[in-house]
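Everything below concerns the one structure shown next.
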């Protein structure tokens, strides 16, 4: 029972991370039908932006009196920077290539990911090796009849839920969200309806990359280490989650993220030697979906327009 | 298309006569300088000269047509000279086994890049886990020969077919889906293969496989050096010729495939899958064929690598390798066999000359791919229009003035 | 009595909640040109998509001669002898005019794998035949295309694109040709030329059945033997051009939707 409970918490944590990545992925596919393979590396960019900022703040002596204020400020700063990065990626890379064959854009996003990854490795001191990620969240936790619920775990789960709820609000209730949904449905019609498509797409890139930055920070917090090449794995997991849930569907990304997190944690725990093959289980899951239900859990069957 | 309107009179016979030898000389000089001199300055200079000649060539009006024309005219001479040089030049590098080693790796890279080009270039399928097929081939061949004592030649072929089988399997789940699903499945396959190679007992885990035997030709091991006039040549040279032979074979195969209905139908699938299907092309079968054939070449390359280096480990076949080969294809020119071979050659030789900057190699690969895609997505030598031999038009009244040449 | 080539019975196609084709039936005979007309969104293109195998119909039957072909994959249907063009032309843009036509002959290519690698002689023979036939076909429709075999299809002007698409479809000598709005975007001269082309197809290939979706009523009037009118997926009228055009339901359907059709 005890281990089961711990596993449940781990599954929720992993699910949170995957969901945050998947949401961005699915939104890009929704608005411009682009699978952005640099998304996972944007997450790691968030991780590696936070670390030097944290060291700097510590050195300046800001941490001791004001940690509770400084750390959220740093996180917000990183999120803003990755959000801006998203806008930049759209402007510099994606937009000029929208007229080219889709293959070119896809490959370019792969290359962009590679550039981010390698830039981090060569720029960050000793970047080839794993780095200790600073403890951002208070240690300790709530004791519940012999079970410990760490504050860090609670914060990660809480933050994820808060992000999802706010994003859902944006998408469902605001004008910008309406525009995003309209563009996802049909960009030609939206243009006629007077929606500023460019602005909408940029907002999606900002939101998606900002979430990626947060995911990167939370990923570092959860595992306690950061490595320059974690992004490819994280990105693929996010993509897999989005595919499982139904590519292009916001709620699908959440369902997919949660499902993938649970599959991964429980399969690793209950299958002998499973932890070595943790990633294999997720990929088997996504391949099963591609074969039997390529449109994902929530996606409807699409008839490609001719 | 027709070469009479280039503005340059065809009567200038002298220029026409020397243009091929001149071209040949320039190219060989540049390649030789890059390959044979262990100097960053020489390499850099040669690259810059090569690049500026290339840019000049495409900028000066009319020059392109003249050169194309003379290449077409002197095709046979060029091919024979190229072959002779490819055989002769390494003989001059007796004291530099490391350079011959780089050339062997370059040959293997050409095979690799040609295989990926079937998928990415001809068929338009993003394969981001290509190194896995390379790995499958290398491990298959290494295991067959170290565990079962099977001879190199059989294990080489077996490696190709086993990799092809994997290619077919990886292609299956994505036949009905979109290209980014294919990208996802291929990356996933790449990662799974890497994880498996690292964790399975029979592949030797992270330590890989050691002591892979050298190929033997009629009982003579390629690890014994040849003596000519009392001079011992490095053993790398043996491999150089063996791999050269197989590389040329693969180039011919690729050429056959490109200039056949397969290559044509692959292009159709790449350009517009729906229209291809409605034209009667079995797109699924052709995509699977592209996967399998590409993987076959990767498997062959893997086996060659394994038996050449004698030691393999999962690290040889990770995501970085996949991207490196992708870079070769994109830089050289997707769906152009010659271009892809050039891309493979440059991206495998040049980095060896900048070993001081080895740490930046993958960053450079990423940047090259990115910049090429943004500014010259067709690569160094772009995809050509298929020209059909004049004999096909013989019966008809000449409606095609632009084919005879 | 002409043989029935294609028989569609109670054909229905639903996309989720939307019924794009609603219980439609008709027959195409040998040597016949069947016109399908109707306002935008009536389901005309969807009929082609279903017949050519891109979608599996949700109800009804499609028979080619005697054979039931619903649910067959597109390449098999093409192989049986049903070829089509697209409303928005879908050429293979980065390859040549000639290559586009050669791809149109995919259904008559044999042993492509073996021939490509091991029997180059057979490939050569096949190519020689293909190119000869392809050239002849191109000459029938456009000297420009026949003289610019090595031009990229993507560089052609719209009129030549349409012609090339028709040639690509005809290259394998099909029994049935489906033309989706071939005159769209053409000026009166060009559509007059197109009419000739369509009649030429019939002269070239005895027995071919053609289904023509067209908004240009002049073209329909001159070419179609028989017309089916669709509106919101349902058949609202059928008959000769004269019968159909005097039908008040048809006039209402057209006037109600777009003025463009009124010009005929």
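Per-chain residue numbering starts at 1, and chain names A, B and C are given in the order in which the chains are listed.
The definition used in the following text is that a residue touches a chain if its C-beta (ideal position, glycine included) is under 8 Å from a C-beta of that chain, and two chains touch if they have at least 3 such contacts.
As the structure is a computational prediction, the values presented were derived from the model and not from experiment.
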Contact graph of the chains (line, ring, star, complete, other): complete
Chain whose mean Cα position lies farthest from chain B: C
Cα-centroid distance, chain A relative to chain C, in whole angstrom: 46
Between chain B and chain A, distance of the C-alpha-averaged centres to the nearest whole Å: 36
Length of the line joining the C-alpha centres of chain B and chain C, rounded to whole Å: 41
Multi-partner residues of chain A (at least 2 other chains): 304, 306
Contacts with two or more other chains, residues of chain B listed in rising order: 274
Junction residues of chain C - those touching two or more other chains: 54, 86
Footprint of chain C on chain B - complex, ascending: 1, 253, 256-257, 260-265, 267-268, 271-272, 274-283, 289, 383, 385-388, 391-393, 395-396, 399-403
Footprint of chain C on chain A - complex, ascending: 300-301, 303-304, 306
Contact set on chain B toward chain A in their complex: 120, 124, 126, 128, 172-174, 176-177, 179-181, 183-185, 187-189, 191-192, 195-196, 199, 274, 319, 323, 326, 330, 359-360, 362-363, 365-367, 369-370, 373-374, 377
Parts of chain A lying in touch with chain B, wherever the complex brings them together: 29, 35, 37, 93, 96-97, 100-104, 106-108, 110-115, 117-119, 121-122, 229, 232-233, 236, 239-240, 243, 276-277, 279-280, 283, 286-287, 290-291, 294, 304, 306
List of chain C residues in touch with chain A within their complex: 15-16, 45, 49, 54-55, 86
